[in-house]
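By written order: A, B and C. Residues from 1 in each chain.
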Amino acid sequence: MKPQIKRTFSNFFFEYETPRQVLVRNKRVAVVCRIIQMGVLAYIIGWVFMYEKGYQIVDIAISSIFTKMKGVSFTNISEKERIWDAADYVFPEQGDSSFVVMTNYIATVGQKQDKCPEVGKCLSLLPSSLLAFIRHMTGRCINDTSTCEIYSWCPVEDDRKIPDPPVLLTAENYTLFIKNSITFRQFNVVRSNLVESVNQSYINTCLYHPKTDPLCPIFRLGDIVERSGLSFSEIARVGGAIGVLIDWDCNLDLSIRHCKPKYEFYGLYGTGKNEDKEEKPSLGYNFRYAKYYVENEVEKRTLMKVFGVRIDIIVHGRAGKFDIIPTLTAIGSGVGIFGVATVVCDMLLLYLVSKRDFYKNMKFKHTEIEEEVSVVFK
Amino acid sequence: MKPQIKRTFSNFFFEYETPRQVLVRNKRVAVVCRIIQMGVLAYIIGWVFMYEKGYQIVDIAISSIFTKMKGVSFTNISEKERIWDAADYVFPEQGDSSFVVMTNYIATVGQKQDKCPEVGKCLSLLPSSLLAFIRHMTGRCINDTSTCEIYSWCPVEDDRKIPDPPVLLTAENYTLFIKNSITFRQFNVVRSNLVESVNQSYINTCLYHPKTDPLCPIFRLGDIVERSGLSFSEIARVGGAIGVLIDWDCNLDLSIRHCKPKYEFYGLYGTGKNEDKEEKPSLGYNFRYAKYYVENEVEKRTLMKVFGVRIDIIVHGRAGKFDIIPTLTAIGSGVGIFGVATVVCDMLLLYLVSKRDFYKNMKFKHTEIEEEVSVVFK
Amino acid sequence: MKPQIKRTFSNFFFEYETPRQVLVRNKRVAVVCRIIQMGVLAYIIGWVFMYEKGYQIVDIAISSIFTKMKGVSFTNISEKERIWDAADYVFPEQGDSSFVVMTNYIATVGQKQDKCPEVGKCLSLLPSSLLAFIRHMTGRCINDTSTCEIYSWCPVEDDRKIPDPPVLLTAENYTLFIKNSITFRQFNVVRSNLVESVNQSYINTCLYHPKTDPLCPIFRLGDIVERSGLSFSEIARVGGAIGVLIDWDCNLDLSIRHCKPKYEFYGLYGTGKNEDKEEKPSLGYNFRYAKYYVENEVEKRTLMKVFGVRIDIIVHGRAGKFDIIPTLTAIGSGVGIFGVATVVCDMLLLYLVSKRDFYKNMKFKHTEIEEEVSVVFK
C-alpha cells in the first residue's frame, strides 16, 4: 500500500470533524431558543415516543368474523299465527360479517309468469328509453284499474304502503353474537374477541354494555341501533344500516392479556332520532328476494320486499412491538427536527436583535472576493 | 442551590450555540448551491406541502355500500315467455357490495337423486386419485351413450354448449343504483354519495356519465362494462368481473361540499374488445346454484349454471385536515433535507474547485496531533 | 433596480455559507465516530434502500377473488343413497372470497308452523327477560316429554348430538380453484394469479403444493386445513374457519414475470391437532338455513344446521417502482440521521475525554457577556 493512501486512510480513522460553534450570550435570544428546543424535545419524547409509540414496528391484523343472530318473533296477521326464527330473517344465512336482519316486509304470495295489469300510477313520466326495460307491455288496457297489461310475475307486487308499525318490531330484542379472530402475522400472535375473562358461563348470560360488560360479545339489536344514534322504530319500518367497528389497538410490549377489543357503533344510513326524514333522498334499506316452488307443475314464487337492519362489521386491528430499527429512525428524525430550533434562533439573532452586525461577524467568516478582485487579503 | 449549579443553569438559559459559518465567495459553487437549495425548497413547498398536503392529518374512511339493480328482461325460449326481474337475476339478493348479475344460463330442470349415464367425453385423462371424487360410478355401462352410469342428480347437466347469443342480452340496459356512506371517525364527518346536488328528483331521472353526470349514482350495466374496457356481448356470454372504484379524496380544510366521490371502472377478468380469447386460461365467470322443491314427496332441484357480470364495488376514502403536529414534522424533515444541499456544495468546494486547498483551510481548523506528538500548542 | 437591492441579490447568488469545522485528532473518539457513521450509512443503504426499497413509490392493489369448489360426496344414511355436489354444499353459491363448505349437518325435514313440545332441558336457567324472545309458549304442558308446548316450526330441531364421524368426511378431497386478479392503478398494471407458467393444460392436472407446485391455483380442502395447523377430522365435525392469504409483493423495476402470488394458510378458529378442546369457549362454526317449499298448500321448510369449513380469502397486494421523489426523501432523511453520529461523538469529546476543556475551547467561541457587563472586547 502506498504511503499516500495509507495516510488518507489513517486520517480518515484518526480524525473526525465537528462543527465549530459560537456561544452567543444574549439573554432574550437564548431563552427563546431554549424554549423552542425544549418544545421540540417534549414533542419528540411526548408525541413521537410516548403517544405514537415511534419505537415500535406495527402490524395490521388479518381478521375473520363469524356472526350468529338469536331470537324468535311471533306475528299474528289476519288470524294467521307465525313464528320467525333466525333461518327466516337473516340474509345471508351463513354468518357473514355483513348481513341483514329483516324487520318488516311486503310479501306477494303465489306469483307466477303471466299477463296482468300493472299497479299504481302511470309510468309515462319516465324517459321512454328507460321505460322499455322496466315494463313489458302486452299492448292491452285493463279498464278496471286504468293501467296497462304487462308480462310479469303475477299478481304484481303492491309496495305503495309500508306496514306501520313494522311487522317484526320485536326484532329489537334479538341478540347478535360476534366471534372475531385476528392474526398478527409479523408477531405470530392470534387473538380472539373471546378473551381470557370471557368464558363459556359468562357468554351464556352476559349482554354487551359499554360500561358494565364492555367485553361481552353478545349484543341486543335494539341497543346497537340506539347506540349508533339512529331510531329503532324508524329503522325497523324502512330499513337502515349500522356499522359495528371492532377496534384492536394492541401494545405487545405489555402482556397479551391487555390486547382487548373495543366495540363502536356508527349509523351509516337511516333516520336519526330527531331528524327530519323529508330532507334526505333515498331513505331506508330494502331489497327483494324470491322463494321459488313448484305447484301443480307450475313454477311459482313468493316475492318478499324485505326492509331490515343491515349490520356491517368492520375490524381495525393494529399491534405494535418494540424494534430497534424504528427506534433509531425516530431518534434520527428527532435530531433532524432539533435543527429547526437553531434555524429559528439564528433568524432572531441575525435579523431582529439590535447588535445583529456584531453577531453576524462572530458567526460568519468571509473568504476573499477572489474572482472579482483577485487580490487575496490574509 | 449551590453557586456552581446555579451558574450552569443560568449559562444554559442565557447562552445558546450556533454553528460558525464560512461565507464562500465563489460564483460557480454558490450558484450551484443556491439552485440546489431552491430545488429543495420548491420540493418541500410544492411537493410536501402543496401536493402531498403534509400539513394535514389523514383519516381512512369506514364505508358501507348498498346496491340495487333495476330492470326487466323478457325471454321467449321454445314458445315459453318469461320475465326476469331483479329477484331472479341478482346473486346474492340483499344488496351487497359484491354481486353477480346473471346474463346467461344453462338450466337443468327437475333433477332428482338417481342413477343415470354421465354426459360428454370420458374422464380417463384425469388422475385416478382425483377421479374418484368427481364421479361415483355404479359400475354399469350404458351402451346408448357409450358412457358409464353414475350416482348423481339426474338428468346430468349438459354444459358443453353455452347459449350464444346470451339469453339475457338485454341485461345491458339494467341500471345499478349505488348508495355509499363513508365515516371519517377522527374528524366526526359522515358523507354519502348522494351529495348536496343529488336530490330525489335528480335521482329519478339521471344516468351516470363521466362528463355530464359525474355524480349520478345510477349506472347502466352496459356502460359500466364498456368503460372498464371489456366487451359486453362477450362478457354476457361467458361471464366476467368488473371493479367499480369509488374514490373519495377529501380536503376537509375546504367546505364539506367539495368532498365528492369519483367513479372509476376496471376490468378484473374477462375478454377485452379486441383481445384474442384463446391465449388466456380459465376465461369467464360462472357458478352453479340450485332451486330445491318437493314434488310428489320427492326432493327435486332445478340446477342453474349461471354466467354473469360480477361487480365488485371498492371504496377508497381518505380525508385530510390541517393539524399542527404533521405541519411541524413536515417543516422539521424539510430542514433536514436542506442539509443535503450543503453536503453536495461542500463536495464541489472541497474536491472539484481549483482553489480547494484554500477553502479547506478556511473551513477546517486542525487540533494538534496530541496523542502522537503529545505537545500542546496553544 | 437600486444598487442596494442589486448587491444583496448578487451576494445571495455569489456567496454561500458552509459550517466551519474542527478536525479533531483524537484516535479513540474518531474511531468510535467513524464506526457510528458507518453504522448509520450501512443502515441507510442496507435497510432503507435495499431492504425497505425506500427509492420506490408503493401502490396497494385493488383485487378481486373468484372461487369454485369441485368434488362430489356420496352418503348412505338409513339406506338412502345421496350425492352431494358443489351446488348442495357451498354457501353462498356465487363464488365469493368468503364461503362455507358444509362437512356435517343436522337436517330437520318437513317443518311447518304449528304448536309442539320443545326439545331438551328446561330453559328456566336463562333470565326471564331473554327467555320471552327465545320461545313462544302456548302455556300448555306436554306430559310425555316433560317440556312446555311452544309455537314454532314443528317438529323442533334436535341438535343435541352432532353426527360423528361427520356425514361428509370425504369433503377432505374437494378441490378449491381460486382466481385472483389484482390491479395496481398507479402503475397501470393488471396481474392474475394465473401467471405465465400456469396455462390451461397445467391447471387441468395440477394440485397446489408449497414446494413442488407453489403457483397452482387448485387446492385440496384437506391440505388447506392441515397446513393451517388445524385438524380436518375435528373441524369437519364441529366446523371451523381458515384464512387463505394471497401475498403479492411485486418489484416492478424487475420484469413483470417475477410478480407472483404466494399462498399462506392460517387457522382462524377451530381446534388444533393436539389441542385440548375443553379450554376454549364457543368452539366450531355452524349456521342454520332453510329450504322452503309448499306441499298441499302448506308452507314447509327443511331446516339444516350446517357445520362446515369457512374459508376467508384475503389478498395483500403491494407493488413498488423507482421514483425520484421517494429517492430524494430517503437520501434527505438519511443525511438527517447522519447528524446523530456527530451528536454522539461530540458528547464523547466534550464530556468523557480527559482533554475535554481543550476541545471545548477549539469548538466553541464565546461572545462577550454584553447585557450584564456591557463592555465589548474585540
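The working rule: a contact is a pair of C-beta atoms (placed from the backbone, for glycine too) under 8 Å apart; a residue touches a chain by one contact, two chains touch by 3 or more.
Here's who's who by UniProt: A, B, C = P2X purinoceptor.
In this text, all values refer to a predicted model and were calculated from it rather than measured experimentally.
**Q** Using only the C-alpha atoms, find the rotation that maps chain A (P2X purinoceptor) onto chain C (P2X purinoceptor) and quote its angle between 0 and 180 degrees, to the nearest 5.
**A** Angle of the fitting rotation, chain A (P2X purinoceptor) to chain C (P2X purinoceptor): 120 degrees.
**Q** Give a one-word verdict, same or different, on whether chain B (P2X purinoceptor) and chain C (P2X purinoceptor) use largely identical residue numbers at their interface, taking over half shared as same.
**A** Counting which numbers both chains contribute, under half are shared, so the two copies meet through different residues.
**Q** Distance-wise, how many Å sit between the C-alpha centres of chain B (P2X purinoceptor) and chain C (P2X purinoceptor), to the nearest whole number?
**A** Their C-alpha centroids are separated by 16 Å.
**Q** Going by the contact rule already set, what residues in chain C (P2X purinoceptor) reach two or more other chains?
**A** In chain C (P2X purinoceptor), 17, 19-27, 92, 293, 333, 336, 339, 362, 364-365 touch at least two other chains.
**Q** What part of chain C (P2X purinoceptor) is in contact with chain B (P2X purinoceptor) in the complex they form?
**A** Listed in rising order, the residues are 12-27, 62, 64, 66, 68, 70-72, 74, 81-83, 85-88, 92-97, 170, 173-175, 177, 179, 181, 183, 185, 190, 192, 194, 198-200, 203-205, 207, 291, 293, 295, 300, 302, 325, 328-329, 331-333, 335-336, 339, 355, 358-359, 362, 364-365.
**Q** If you look only at chain A (P2X purinoceptor), which of its residues touch chain B (P2X purinoceptor) in the complex?
**A** Its residues touching chain B (P2X purinoceptor) are 17, 19-27, 29-31, 33-34, 40, 43, 47, 91-92, 98-100, 113, 126-127, 130, 132-136, 151-153, 241, 243, 245, 264, 266-269, 280-282, 285, 287-290, 292-294, 297, 301, 303, 306, 310, 312, 314, 333, 336-337, 339-340, 342-343, 345-346, 349, 362-371.
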